[in-house]
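Each of the next two complexes has chain A plus one other chain: chain B in the first, chain C in the second.
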Partner chain A sequence: MKSARPHPAWAPWFFLAPFLLLFAAFFAWPLVRAAVLSLEQTYGPGVGVFVGFRNFAFLARDPLFWTALRNTAVFTVGSLLIQMPVALGLAILLNRPSLRGRAVFRLIFFSPALIGMVFAATLFTLIFEKQTGLVNFALHSLFRGWNPDFPWLEDYLMASLILAALWLYAGFNMVYFLAALQNVPQEQLDAASIDGAGPWGRFRHVTLPAIRPVAGFIVMLSIAGSFQIFVLPYVMFLRTGGAGPLNRGLTVVMYLYKTGFLIGDLGYASAIGWVLALLLVAIALLHRALSHGETQ
Partner chain B sequence: MPRLPSFLSPAAWVIVGLAAASTIGICLMRPPASRALQFWIFAIQHKPFYQTAIAGWNHTHPDKPVELVLMSGTALQQRMMSSFFSGTPIADVLEVERSNIGPAFAGPLEKIGFVDLTDRLRDQGLLDGINRPSFSPWTSRGRIFGIPHDVHPVLLAYRADLVEAAGIDVSRIETWDDYFRVMAPLQVAAGESGGPGRALVVGWPSDYYIAEMLLLESGGAIFDARGRPTLNAPFNARFLARLATWFTGPRPVARSVDWFSASGHRMLLDGLVVGLPVPDWYAGIILKLEIPGLAGKLKLMPLPAWERGGRRTSVWGGTMLGIAKCSPRREDAWEFAQYLYLARATAEALFRRNGIVSPIRSHWTDPVYDQPDPYFCGQPVGRLFLDQAPHVPVRTSSPFNEQALTAFDNCLISVTDYAVRTGRADPATLVPEAQRLLDQAQRDITALVGRNAFLSSPP
Partner chain C sequence: MNARRLARVLGRPLLYAFLVLFAALTAVPFAWMITSAFKSGGDFFLSLFLPAGNGFLGVAWDHLTLDNFRRLFREVPMARSLVNSVFLASVTSLFATLCGAMGGYALSRFEFRGRGLLTSLVLGTAILPVPLLLAPRFELIYHLHLLDTFAGYLLPQLAPAFGVFLFRQAMLNHIPAEIIESARLEGCGEIRIFFTLVLPLVRPMVGAFIIITFLGVWNDFIGPQIILQSAGRQPLAVTLAGLGSNYGNDYGMMMAGTLVSVAPIICLFLLLQKEFISGLTSGTVKG
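For the complex of A and B:
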């Protein structure tokens, strides 16, 4: 029998090289560069002066940053609280074998996720228009007392944004839940039925614990995505400078974009980016600690 | 037949081959060296005339052809800033809108990406030949970086059909207070007759364009001549308190009508407002081209003043022509810029096509401006705008203008909310709150301006 020839020592590195190169070029180096930049004030990448931690000090008392952070947090929490139950509810409905045309409904509910975000944002800008917008028109037709000039895109920016995001992502999250629901052991559900558990009891004591890891994953994904939201408000609030009146629609990434790419202060934008990254890491760690506690 | 080394499958070899070939191809690729001067614009309305003008130029200057590129204002701003920051390709000559110019002036003076035109303009006598306030948005730290394309004075367009049917005499109007008093019979509160009602003027607190335009008309400013923030000047607080009362009370005189959307146009057509402040470009492009149904129903008059004897106009919008500092053909670009912007034919075409009056004073005698315009009931629209052109207010070119304006407008929204919450309708009672909010805004903007290490001298 011919003995297997040992691999040369460089072989693993050779196969890892494409990933390592890409990782270094597009992740590690920008991260290091952003850290260096966050200690400078810049006018584009070519002109900069070292300012130490002054960017972070300014950030700590920058009212616009805090407004952006508060708005983003409101959007994240609002999205989670509405999207998760809606996505789970849709998944439960579409998981019923007795439902006819399940595949068609799944496609219908998932299809908004296939639409470009700019298109969706433009659509919702029209939907929330005064007088002629679908929402105001429908509400005014149903309730004569409804003001057709209701200022969705002026006074209720976060509500509009949450509704637009719900339409976009509920179907997407539904698919995850659907996959999780299909993996709930049928024998456990049957055993619970035999033990006298009703539909709610089976859902609470069997289904929910079984899909919890997936739900946790979706929550983390949604938090990370929501904190980085940019395109939706950028297009929806374009008419009011991308942030809306009183900066009610300003998000953290929008503020980062404006600072870095419109003003050219990449240093300050990097500081914002780092704070956002650290915040997300902290949330992930907290989530992990809580999940770990639950498992224990 | 030669065999490929066996550690990769044939399909993988194809992928490797394609990757290698495309990489080599991209490395060898060079952008085609263009012989033509690149000219970027953002306004589609400018394109037809420029195409004609450029065809004429290319015919007489075959050695210096010009190539026109139209793109969105946002794309133009981003490509412009990208070039100024990183040296990416840019046009030789470009038109820039006022709201997009601020970032170009945020760095050190020597790093501004446009050619400093101050001396050229002075040498050719253009500093006096062009309407002086029109240079202000393109001036940073005393240096001028663009030729103004326009003046953009603002007049008040009003529904002449409604006004005349009600027997109202607009010649009695000098101030905004006069306007609201004289036009009061036309006002209908929302729901009063089962319909959406009718307001007297377009405006709403979150529209910072109108807030800036009216502030400038009143004589207020958010930056002084040296670029220092002046948001909390007592004058501004009084102005804010007065403006807030337009949007409050049981019968607000102003209502929200989107300037650029179909729903806004519908509201104008339906006569849901009596008057709207319009710059020449809005009258010539938006109203005439996008709302033809209002033809023969509108007339223009000077803006009502804030005080008797006060200014009867303001300014809104603006475009400049700049030359990229990195252009290898700056002299050709300067020659083309003069050809395009200074010629009498250009001024005439600009007015005929877009209703925009020229900033070049010697052209103001052109009879084209005296022609009656059927859209505005036969009024000589050009002359009406030009009568106000010398009086347009000077504007800031501070790179922080957008932030300061947003902060100022946020104060207006908050004062309006405060007026609604407390039921106060008298401007005098709103001044302390306006002052308090403006003081806070002043602190924020001063901190923002103060941390810029590059503005060695004020903008």
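For the complex of A and C:
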């Protein structure tokens, strides 16, 4: 094997060239600029004044930023608490070996994940509409006591957001769980049954430990995605300026977008971007520390 | 013991009932969107799905109308946006896949100085959130005089760090070093080796990555919203969001617009289910 002809020295660089050039221009360089910009106050592109760390100091006391952060956190936690059990539950139901029509169910559950945020948001704006919306219309027909003017998009912004996200991503996460469930050792499940373990016991002591690494990964991915939520609320609450009444629908990335591109302060927007990046890196490190603790 | 037997007898129908219920809940928004797109304004308020009448199955089929679609394409540059979406998504998915596959090939199947550093650089940046780069990229595109051009939107999409990572993994797993070496011994050129030997061996990854990139661009809103300002250049996502501010109360038209925007993707999905699911769950597209 040692006699094999080595590749020419230019070959790897030839294959890397297109990616590296574009990566340097549109990723690495903007990343450097993001650091510089976060120390500037700008009025649109090209007009910046150096202000040092004042953007970050201002951010720490900016009530709108804290509102955005709190809304985003509420959405993330709420989404996680509802979506994960539903996704895992559906995966467990679909994982029965004798189930008929599994492919069809999987197809249906997964399909909303294809729908872009703008399109889903447009659909859900009308679904949560007063009187004519699908939800209020259906609930009022089923339960006469239901108020057909129930103000989903005005007063229950986070609930409607979480429900829309549940529709979008429960099936998506289910596919991950379904793949993870393939790794649960059947012998251990059988052994637990013989030892007299019920369904819950088998789930707790066999299934859960076996899918824990994948579950951790899905939770990570969901947190990272939820923390960057923007288009869904922006389009769903478009009628109230995108942020909803009293900014109750304002999220971190929406605030970044509004300061950067509606007000024109790219510097402050970059500062928000760095805080977001820091939060996500912290969550990733926490996840790593936790999953390390498990393998030992 | 009796309870257990009861559970076993009832278990199966209950399981199916539960799954069917959930499938219905998932499908209902789709059904509502489709039926609303074909109803006139009056029928929208009177019926939940199809308007009641004396026709087949008790539905007033003759009430259904294509009017919403007609107005959509006449009053809004919807056809143009559809073409733009197809164009942007196809170009991006093709070239980003090529860039990613070539980069992944270099990082997985060649030995050279700086490989380790480059690999960790590419992987390390994948964790940074895209919104961080919105402002500096906008500034860069502005300085390059590419604002409101397709190139200004496309160029940053063509260097997928995550794609390089995915292809690197796929090539490490599916391409034995000996194959490449024996091709070299037979005098096969490096570029030919890549296109005729390497790419076919990672065909599933190529398919999956083309699909997730296509879908990512088709569904992207922030990117085109910031870069592409004139109506003639905007893709469906931006046009539909704009439709909401002008026609927000015209439900039939809104749903027709949404249907036109998602129908191509749903059709692709039905054709290529496996590639879609494996592509999407390789861990990207979200948001």
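We adopt the following convention: the second predicted complex is superposed on the first by the 274 of 296 C-alpha atoms of A that agree within 3 Å, B and C clash if a C-alpha of one lies under 4 Å from a C-alpha of the other, contacts with A are read in each partner's own complex, and residues count from 1 in each chain.
Methods note: a contact is a pair of C-beta atoms (placed from the backbone, for glycine too) under 8 Å apart; a residue touches a chain by one contact, two chains touch by 3 or more.
Values in this document were obtained by computation on a predicted structure and should not be read as measured data.
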item	value
Room on chain A for both chain B and chain C (clash or fit)	clash
First (chain B), second (chain C), both or neither touched by A:223	neither
Touched partner set for A:239, first chain B, second chain C, both or neither	both
Partner chain in contact with A:277 - chain B first, chain C second, else both or neither	second
Touching partner for A:132 - first (chain B), second (chain C), both, neither	both
First, second, both or neither for A:261, with chain B first and chain C second	both
More chain A residues in contact - chain B or chain C	C
Partner chain(s) touched by A:174 [first = chain B, second = chain C, both, neither]	neither
Which superposed partner A:165 touches (first chain B, second chain C, both, neither)	neither
Partner chain(s) touched by A:46 [first = chain B, second = chain C, both, neither]	both
Chain B collision site on chain C, chosen from 114-122, 168-176 or 186-194, when both complexes are overlaid on chain A	186-194
Residues of chain A at both interfaces, chain B in one complex, chain C in the other	45-46, 129, 132, 239, 261
Chain C-touching residues of chain A, taken from the complex the two chains share	1, 4-5, 7-9, 11-16, 18-20, 22-23, 25-31, 33-34, 37, 45-46, 90, 93-94, 96, 99, 105-119, 122-127, 129, 132, 134, 137-138, 141, 167, 169, 171-172, 175-176, 179, 217, 221, 224-225, 227-231, 235, 238-239, 253, 256-257, 260-261, 266-267, 269-270, 273-274, 276-277, 280-281, 284
Residue ranges of chain A in contact with chain B within the complex	41, 43-47, 49, 51, 54, 58, 63-64, 129-133, 147-149, 151, 154, 239-241, 243-247, 261-265
Contact footprint of chain A on chain B as seen in their complex	77-78, 81, 84-87, 103, 106-108, 111, 190, 196, 204-206, 208, 255-256, 258, 260-263, 266-267, 399, 402, 406, 409-410, 413-414, 444, 447, 451-454
Residues of chain C that touch chain A when the two form their complex	15, 18-19, 22-23, 26-30, 32-33, 36, 44-45, 48, 98-100, 102-103, 105-107, 110, 112, 115, 118, 122, 125, 127-140, 142-143, 155-156, 158-159, 161, 164, 178, 181-182, 184-185, 190-191, 194, 215, 218-222, 226, 237-238, 240-241, 243-245, 248, 251, 254-255, 257-258, 261-262, 265-266, 269, 273, 276-277, 280-281, 283, 286-287
